[in-house]
Amino acid sequence: MVERGLFIGRFQPFHYGHLYALKWILEREEEVVVAVGSAQYSHSFRNPFTLGERIEMIAAALREHSIWGRVLVSGVPDTDGVHSLWVRLVTSYCPRFTRVYTNDALTRLLFEEEGYEVHPIPFFERERLEGTRIRIAMAEGREWRDCVPSSVARVIEEVRGVERVAQLYRMEVARDRKS
Amino acid sequence: MVERGLFIGRFQPFHYGHLYALKWILEREEEVVVAVGSAQYSHSFRNPFTLGERIEMIAAALREHSIWGRVLVSGVPDTDGVHSLWVRLVTSYCPRFTRVYTNDALTRLLFEEEGYEVHPIPFFERERLEGTRIRIAMAEGREWRDCVPSSVARVIEEVRGVERVAQLYRMEVARDRKS
Amino acid sequence: MVERGLFIGRFQPFHYGHLYALKWILEREEEVVVAVGSAQYSHSFRNPFTLGERIEMIAAALREHSIWGRVLVSGVPDTDGVHSLWVRLVTSYCPRFTRVYTNDALTRLLFEEEGYEVHPIPFFERERLEGTRIRIAMAEGREWRDCVPSSVARVIEEVRGVERVAQLYRMEVARDRKS
Amino acid sequence: MVERGLFIGRFQPFHYGHLYALKWILEREEEVVVAVGSAQYSHSFRNPFTLGERIEMIAAALREHSIWGRVLVSGVPDTDGVHSLWVRLVTSYCPRFTRVYTNDALTRLLFEEEGYEVHPIPFFERERLEGTRIRIAMAEGREWRDCVPSSVARVIEEVRGVERVAQLYRMEVARDRKS
Amino acid sequence: MVERGLFIGRFQPFHYGHLYALKWILEREEEVVVAVGSAQYSHSFRNPFTLGERIEMIAAALREHSIWGRVLVSGVPDTDGVHSLWVRLVTSYCPRFTRVYTNDALTRLLFEEEGYEVHPIPFFERERLEGTRIRIAMAEGREWRDCVPSSVARVIEEVRGVERVAQLYRMEVARDRKS
Amino acid sequence: MVERGLFIGRFQPFHYGHLYALKWILEREEEVVVAVGSAQYSHSFRNPFTLGERIEMIAAALREHSIWGRVLVSGVPDTDGVHSLWVRLVTSYCPRFTRVYTNDALTRLLFEEEGYEVHPIPFFERERLEGTRIRIAMAEGREWRDCVPSSVARVIEEVRGVERVAQLYRMEVARDRKS
C-alpha cells in the first residue's frame, strides 16, 4: 500500500496558503488525501461555499499547478459536537492514510487520542493567506485575487462568490451589532 | 465554464462496467463528475465498502487507465427516503454539471422533475459486469478479478474486502433463510 | 378552549374516504386537526406526494366542500422507528386536541399508552376508497378521478402526479420481481 | 394554477406586524402560503412557542380578521446550517408558490440563488411590532396584548405562554450575566 | 485499570439465556459492561420495550441474582446502516472494556476489523431461551414467565408489556398477510 | 412498583457536589435514577468526557461510597434545541420515576409543563463543588482531586482526562481571544 498523509481543512476558499501546505506535505508523502471538512455547510460567512464548489476549486488549483496525480479529495461532514465519532467518520469517508497534517488543536487532540501521528504544517504568509482575512477582503471590495490560484478565482467568480460572501458578511456584521 | 456530465453510482465495487460507462460519457462531455452515492453506508452485502475505499478504487482505476485528468469525484449520502431533497444534495456536494447520465429510474425521475436533461448509459456485458453478481462471486470463491481493473482488485485485497463480502453474504443468506 | 379531534393520515392522495371521515368527525367535534403524517417522505410508491402537495390537496377539498372554517392542518414527520417520541412530536407540531380518531393500530397503541382517548372511524366504501388501490389505478391507467374530490384531481394533474405514481409503481414492481 | 406568494416567518408570536404584512401581500397575490419557520424549536426565549401553538395562533388571527379563505399554512424545520437544502425543503413542505416575500437577508439570498423573485415587505410600526420586543414586554410584565390580535392573546394565555416566556427570559439573562 | 468484557444485546426482553451468558462471562472477566443495543427503538414487535424498561429489567435481574456489583450497563443507539461508526459509538457510550462477547456475526465483523478480540458465548437452551420465541409466546398467551427471572416478569407486567407485545404481534402478522 | 426520584446532570466530571445531592435524594426516595445528560457530547471544554467515561466515574463513586444498590444510571442525549421532545426522551431512556430533582431552570420548566413534580436540591459548597470551576482547576494545574471521590480521580487519570481538559481549555481561551 502506498503511504499517504491526510490534510484537513475547510478551504473557504482554497488559497495559496493551502497550496503551499499541500506541496510541503507532498515532499514528505507519496500521496496526500485532502479532507474537505464541514462538508454539509455553506451560505454562512464562515462557510460560504458548498462542498461541490470547494472540490471544484481544489481540482482547478491542482491542475493549474500540475499536482493532480498524487492527491485524493473527499468531503467529510461535521459531527456537530459529537466529537468522539469524528475521527472514525474521517477514516471511513477518506482513502487510507498513515499520518495526519494539521494545525488545528482539536483535530490534533482527537487524532492523537486514537493513536495517530500528527504533524504541524508551517504557515505561509499567515498574515495575508488566511481564510477569514480573504473573505473579509472579498466582502469589503479589497484585493483578494492574489491570495488564491487564478483558476480558483475563476471558479469563485463563476458561482458569483464575491457577491455571496459580501452579503453574508453584511448579515454577520448586522447580527453582531444587534447582540 | 467547462461543461460536465454527472455519473452517479454506488460503485460497490467499481468494475469494468463503470469504467466503460465513464469512458463512453467522456466521449460526450468535456469532464465528468462521478458521484459516489449511499456515501454513509458500508459493511452490508449491498454496500460492503466505505466511501473512502470506493474513492480509492476509483482513483486507482482512473490512474491505471489514464483518464484521471477530466474526472472529478465526490461522495453523496442517501437521504433515506426524503427524496425531495436528494437532487439538491447532489448539486451542493458535487462540482457543477449540466447533464445527468444514469440508468436508475428514481434518479432519472428526480432529476427530470428538477428540469435536468437525463441520458441513459449503454450497458457493457451486463450479465457479467454487475455489482451484485461480482459480490456474489467474491463471496462464493469464484473468479471476480477479471471484472474489475487490476488496480481495483489490489485495493479490495489490501482492505481484505473478499473476506468482508463473504462474511456479509453469509449473514444475508442466514437472514433470508430465517424469514 | 375549543374542543378538537385529531385526524391522522398520510393522505397519499386525499380521497373521498378521507373527506367522509373528516365530515363524520366534524359532526362529533367543534374542530378537527388534520395531521399529515410521514411529512418528510415523497417520491416513493407508498408516499408519492410531498407534504406541500398534500396540504394543497386538502385545502382544495376543504374549500370545494365548504368545511374550511373548522379544520386546522399540520404536517408531522415520521420518527423512523423511534416510536416513543412520536406522540409528543404530534402534540408539539399540531394545535391542541382532546380526542384522537384513527384506524391505525400502532397510532392507537401509542396514543392510548400516553393516556389519550382513541376512537375508530367508520370506513366509507373501503373496497374502492383506499390509498393503495387508488395509486395502483393511477399507475395502471384505470379510473381514479371519481375516488377523489375534483379539486384534488386538479392538483394531482397540475403536479403531473399520475406520471409520477405510474413511474414509481413500475420501479416497485421491478424491485419485487428481482427479490 | 392559482398564483401564490410565500410569506416566511417564525411568528414567535404572530403579531399585528405579521397580520398587516399578510394583508399587504394578499392585495398583491391571489393566495398566500404562510411558512412557519424553525418548526422544530420551542421553549427557548428566541422560539418559545411550539409549531402547534403558532399554527393555532395564526388560524385564530385569520378567522378573527376573516382572511382565512386565501391563506395556506405549513411548518418548515430549520436545516441547522445546511443552508443549501433549505429552499428545497420549503418547496417540498409548502403548497406551490411563485414569489417570495421576506425581509430576512439570508432567506432572500438563498431564494434568489435558486432563481426566485423576492420582494421586501413594508414594516408596520416596527418599533412596537417586533417579536423580540413583544417577548421582552411579556417577560417584564409590560403591556403586550395590544401588539397581537385578541384571539392570539387568548391562545397565548391558554397555553400559559406569558409564564413560559418570562421564565425563558430569566434563564437567558442569567446565562448572559455568566459569560 | 480493571479488565472488562463487553456483552452486547438488545434484551427484548432480558431472559435467562442472557443471565446465564452474563454469569459465564463474569467467570472469565473481572467486570462486564452490558451494552443495550438499538437503544432508540421501542413499540415494534422486534423491539417492544424502551431502553428505560430494558435497563429496569436488567437491574432487577442483577439484584435478584446478586451479580449487581461487577456489572455496568449503558444504552447504545443503532446507527441505521452507518456501520462504520458503530464500534466507535459503543466505545464512547460504554465504560472501557478489553474483550467483546457476542454471537452476532455483524458485531463480530465490525469489532474484529477495529482490532478487538471477539469471543462467542455458549447458548443456554437456545430452543427455549430466545427473544423472538419468548415474544411470540407472550403474544399467543402461552407460558413465558419461566423464561425470564421473576423480577423481570414483574417489570414486564407493571408496564403492561404482554398487552403491548400481543398488539404489536397482531400488527406484524396483519402486515405480512398483506404483502 | 418501587418509587424513584430522577437526578439529572451532565457530570463533567462527577464530583462531591453530585455525590452529596445523590445521598440527599436517597434519603427521600427508595431509589434514584441518574440521567447522564448531553450523552452524545465529549471533547469540548463544557463536555470533556464521553458518556462511557462518565458512567464509569459514577459507578466507581457509587461503589466507593456503597450506595450502589439503590441507584440506576442511564445516558440521555440532548435534543439540540428541540426541547418539546426532551422530557419524553428522558422517560423512554430511563427506568420509571415519579419525582424530578434538579436545579436547572429549563429542566424544571419542561418537566413541570408535562405535569411532573420537580424539587430543588440543596447546594453543597457550591463555590468549590461546581463542574466548570473544577475543570478550570484541572486546566490551570491547580488542586481538583479533593473535589471528587478518589475513585473518580483515578478514572480521570487513567483516561488522561487532565491533559484533555487542559487542551480543550486552551482552545476555548484562544477562541474567546479571537472573537
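Going by the order they are written in, the chains are A, B, C, D, E and F; count residues from 1 in each one.
Simple rule for what comes next: a contact is a pair of C-beta atoms (placed from the backbone, for glycine too) under 8 Å apart; a residue touches a chain by one contact, two chains touch by 3 or more.
Keep in mind that what you see is a predicted model, and the values were worked out from it rather than measured.
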item	value
Other chains in touch with both subunit D and subunit F	A, C
Smallest count of steps, each to a touching chain, taking subunit A to subunit F	1
When subunit C is superposed on subunit E by its C-alpha atoms, the rotation angle in degrees, nearest 5	120
Centre distance in Å when subunit B and subunit F are each reduced to the mean of their C-alpha atoms	46
Approximate Å spacing (C-alpha centroids) for the pair subunit A, subunit B	26
Subunit F: positions in contact with at least two other chains	42, 50, 80, 84, 91-92
Listing of all chain pairs that touch each other, if any do	A-B, A-D, A-E, A-F, B-C, B-D, B-E, C-D, C-E, C-F, D-F, E-F
Subunit C residues within the subunit F interface of the complex	84-85, 87-89, 91-92
Subunit C residues touching subunit D - in the complex, by the definition given at the top	1, 39, 42, 50-53, 55-56, 59, 63, 68-69, 72-75, 91-96, 158-159
Residue numbers on subunit E that touch subunit C, as the complex places them	40-44, 47, 50, 80, 164, 167-168, 170-171, 174
List of subunit B residues in touch with subunit C within their complex	80-84, 105-106, 109-110, 113
